[in-house]
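Common to both upcoming complexes is chain A, partnered first by chain B, then by chain C.
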Partner chain A sequence: MRLRQGQFSFLPDLTDAQIHDQAQYAIDNGWAVSVEYTDDPHPRNTYWEMWGHPMFDNPDAAAVVFEINECRKEHGGKYIRVIAFDSSAGWESIRMSFIVNRPKDEPGFRVVRQEGEGRIIRYTVESYAVREPEGRRYA
Partner chain B sequence: MLDQVKTVTDAKKRYSAGVMKYAQMGYWEPDYTPKDTDVIALFRITPQDGVDEVEAAAAVAGESSTATWTVVWTDRLTACEKYRAKAYRVDPVPNSPGEFFAYIAYDLDLFEPGSIANLTASIIGNVFGFKPLKALRLEDMRLPTAYVKTFQGPATGIVVERERLNCYGRPLLGATVKPKLGLSARNYGRVVYEALKGGLDFTKDDENINSQPFMHWRDRFLYCMEAVTRASAATGEVKGTYLNITAGTMEEMYARAEFAKSLGSVIVMIDLVIGYTAIQSMAKWARDNDMILHLHRAGHSTYTRQRSHGVSFRVIAKWMRLAGVDHLHAGTVVGKLEGDPATTKGYYDIFREEYNPMALENGIFFDQDWASLNKMMPVASGGIHAGQMHQLLTYLGEDVVLQFGGGTIGHPHGIEAGATANRVALEAMVYARNAGRDIWNEGPDILRDAAETCTPLKQALEIWKDVTFDYTSTDAPDFAPTPEVSF
Partner chain C sequence: MSDNGTRPPTEVDLAAAYEESGVRDILRELEDTMIGLGPVKQRIRESAALLLVDQARRQMGLATDTPTLHMSFTGNPGTGKTTVALKMASLLHRLGYVRKGHLVTVTRDDLVGQYIGHTAPKTKEILKKAMGGVLFIDEAYYLYRPENERDYGQEAIEILLQVMENNRDDLVVILAGYGDRMDRFFESNPGFRSRIAHHIEFPDYSDDELLRISEGMLADQNYAFDDEARQTMVEYIAARRTQSHFANARSIRNALDRARLRQANRLFSEAAGPVDATALSTIREADIRASRVFRGGLDTDRPVRRDAAE
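Coming up: the complex of A and B.
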């Protein structure tokens, strides 16, 4: 299974040079870029761990690539994504999001069905990885 | 010409029983400056032969506000000058003999707060059948902030929709399940599963899928949500399918909406033909229940398409942003349905911008402040395919749902392959644009390169390479960006 979240998950993994180009696009638009990682890739896991604060006032995407590689040293076996945040009025949310690092094996998700009355099924999607405690997943 | 016609101010003459020209009754006020709180309507009027355009404009103002065909003394029991709509400007339409643009201002107190039904009962009520006019078209409206603020606006809005879907920085992808009628629920869900697993964000019921003998609505909802959940697990993404809850009564629509919610759907769908009040009710329900509300504009072309008579789609778009839907179809420019680039840009701006400056070249006649009402997501659907991705991204931008129905399900290697082709084409094009490529000119190369590592895209580009829909539009703007010199 390949996690398809983010803008470019159907393309081959981005190289550092390609990550640089995309991060620079965000910076040139005035968006603050940040790096986040997780070992719980559930589609509704909003809050990945922050690798430092969003890089406000950073003019150069090289700094973003540097931080990604620092993050990889510590969390290379997890998912890492780049987020671009737009603070302008009327948006004040994320403009870009793309994955820059994946675990070697991506076991994916299972569907848990709870059958109810009248053929209703209550669904839960659960990552196989989260059966292990945090820090021991994808190891 | 009635340029010299003045309102009769002598009360005795004004209110003596009988018939009087509308322009003399107070409905033509060429010196009037609209107040910031006035609702302004711009009509295209085509008077009957021999009917003066100023009198026609005054008649439209009169018939869409307080007037009747004859003088009534009961006017004098009211502050009637305030309640009369005022035609204040009449311009000939460029290059269209016999047609005129009439600007009419309405006092805000003529309208009930928060009711599209009330607004439209005046503005497009009796007046459209008025005999002295050959044809009448509502081209645009200026909605004052004081009035905009009485409406809920889109239940979710573009920003929160993206947050809920965890999807940023690219257009969303969708497909309408085909054939639109006749599939059983079990087979229907198969199409949903394959398309979502292949890379689409949404699938969609068509406008006339409600609850028919071949597929009753509960069955459809149950199989579709199985498909949505399976596809979500297969990809790790939030997925949705627009479950059409359109039905014969509000009670039935609420029941279907509640059932969709109980199954975990993120989105429901209604058709424009349910009417303005029903739309506003469902928008309120959607806001109260964290549901994205998709509106299919079924039926709109009966009154939006012809230039001389009806209501422009840009006005419908404004009403729907007030009414509170999240998604609305707005044209593709390049696909099989009506829409030239300049006019379509005007629609998209109405959907997505905080503020619309006047832009005659896009058919926008007034500055319009949306007063922080949420933004609507435009939906581009009808005859589009992966090979047009560079054109679609250039024309329509990022905040749009691109719906490839035939362009997904018609793929020679199946629905999942069709979906993947579209998603890869989209991601490659967004990537290239961000990386500084000139996608308008290099688009075909970018797609060809992306197809090197994606066989489904290669197949899609091959099969649909010659498909274009190049017909003259019936509804183009009246003003060119640079006015041509005319003699």
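Coming up: the complex of A and C.
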């Protein structure tokens, strides 16, 4: 099951040139672009591992693509995303976020039903991937 | 560039491309603002022509590779290497060879770390900053210290070479430094020599050019020489050249800064009444004549002590 998180996730995978253009758009708007990766694709897993510092003072997106490719060498089998942080007052938040790398096999999620008192059902989703310990997910 | 679905053009108007790209403005600006440097300007015009033709060839699908644009600027201090590098960055930007056209000026300290594992991130950080523009490495030979085999400079050189080769579309590297030391640097790092296509030699300025430069510098700040002061400046340049630590235009700039200081002092101590704009903006002979260059140069830096010794 293909993970649908962030922008462009219903489109085919972005090429490096497209990633470059998107990152350049963020940079031109004055947002700090950074690269993050994770092997826990749960939608509520907000804080992914940072790959290097956010790039506050790089005027060109080639640096972002360079870092993505460095990150792919190390974490090619995991999810990698690019986020753009807007530090201007009032925003101070993420303006863009899109996945640029995903594992070959995405096993998807299952629903866990927990039966509580009075036959109440609590639902939760769990990625099949996280049943393996960290580092062994996605082979 | 030409893969947007349109067929490549069958002919290219070079003159129009020249006009359009704004290269002419840059070259004219170079011609107007930089005094002397004949061979350098010639080389830059040639490079511009080459790049323009190459761009046309790419539009027609005749060439696909980005040409190697890395350069080395060699010359004595104060011969305008950094200034020309700035111009070169905007020239490459106009021609579309670099996307942003900014210049990042670094020296060894910015690239080489102080302990193991420090150099690679530092160098990469700088390279990322320079992507889309031009990386200007001043006094590049300091990167290579053969006397210390565990020097981290070697690591920076390796990363640089790798990026210069793999990210040719992303950044242009300009190495600068004194001629003889750069030659030695290239000899001991053949990887650099082969990756650098353009070697540009910056000649020293002649006395006449330095005088024109000094007048230009003064004019930029709304100052001017009077006639005697100009004559004194001619003598100053001739005298300064023979003395140690002569740095061409930079020496002239420093001399003018000191002359302005003396002029301000003179106005302050002489002024009996109101001074007019002419007085405020004229450098007189006395302002230059007081320079220690006329008293044998920098060696007489501390006259008090020498007097005491006599």
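Operating definition for what follows: the second predicted complex is superposed on the first by the 136 of 139 C-alpha atoms of A that agree within 3 Å, B and C clash if a C-alpha of one lies under 4 Å from a C-alpha of the other, contacts with A are read in each partner's own complex, and residues count from 1 in each chain.
Definition applied: contacts are C-beta pairs under 8 Å (C-beta built on N, C-alpha and C of every residue); 3 or more make two chains touch, one makes a residue touch a chain.
This structure is a prediction, so every number in the text was calculated from the model and none was measured.
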Side-by-side fit of chain B and chain C on chain A, or clash: fit
C-alpha centroid angle, chain C to chain B via chain A, nearest 10°: 100
Which of chain B and chain C A:123 touches, first, second, both or neither: first
Touched partner set for A:55, first chain B, second chain C, both or neither: second
Touched partner set for A:63, first chain B, second chain C, both or neither: second
First (chain B), second (chain C), both or neither touched by A:8: first
Partner chain(s) touched by A:108 [first = chain B, second = chain C, both, neither]: first
Winner by number of chain A residues touched, once chain B and chain C are compared: B
Chain B versus chain C as contact partner of A:21, first or second or both or neither: first
Smallest separation in angstrom, by C-alpha atoms, between chain B and chain C in the superposition: 13
For the chain A and chain C complex, residues of the former touching the latter: 55, 57-63, 66-67
Sites on chain A touched by chain B in the complex: 1, 3-5, 7-12, 18, 21-22, 25, 41-44, 46, 84, 89-98, 108-111, 119-123, 125, 127
Residues of chain C touching chain A in the complex: 99-100, 102, 127-129, 131-133, 167, 169-171
Parts of chain B lying in touch with chain A, wherever the complex brings them together: 159, 162-163, 166, 168-170, 199, 218, 222, 225-226, 229-230, 232-238, 262-264, 354, 372, 375, 420, 423-424, 427-428, 430-431, 434-436, 450, 453-454
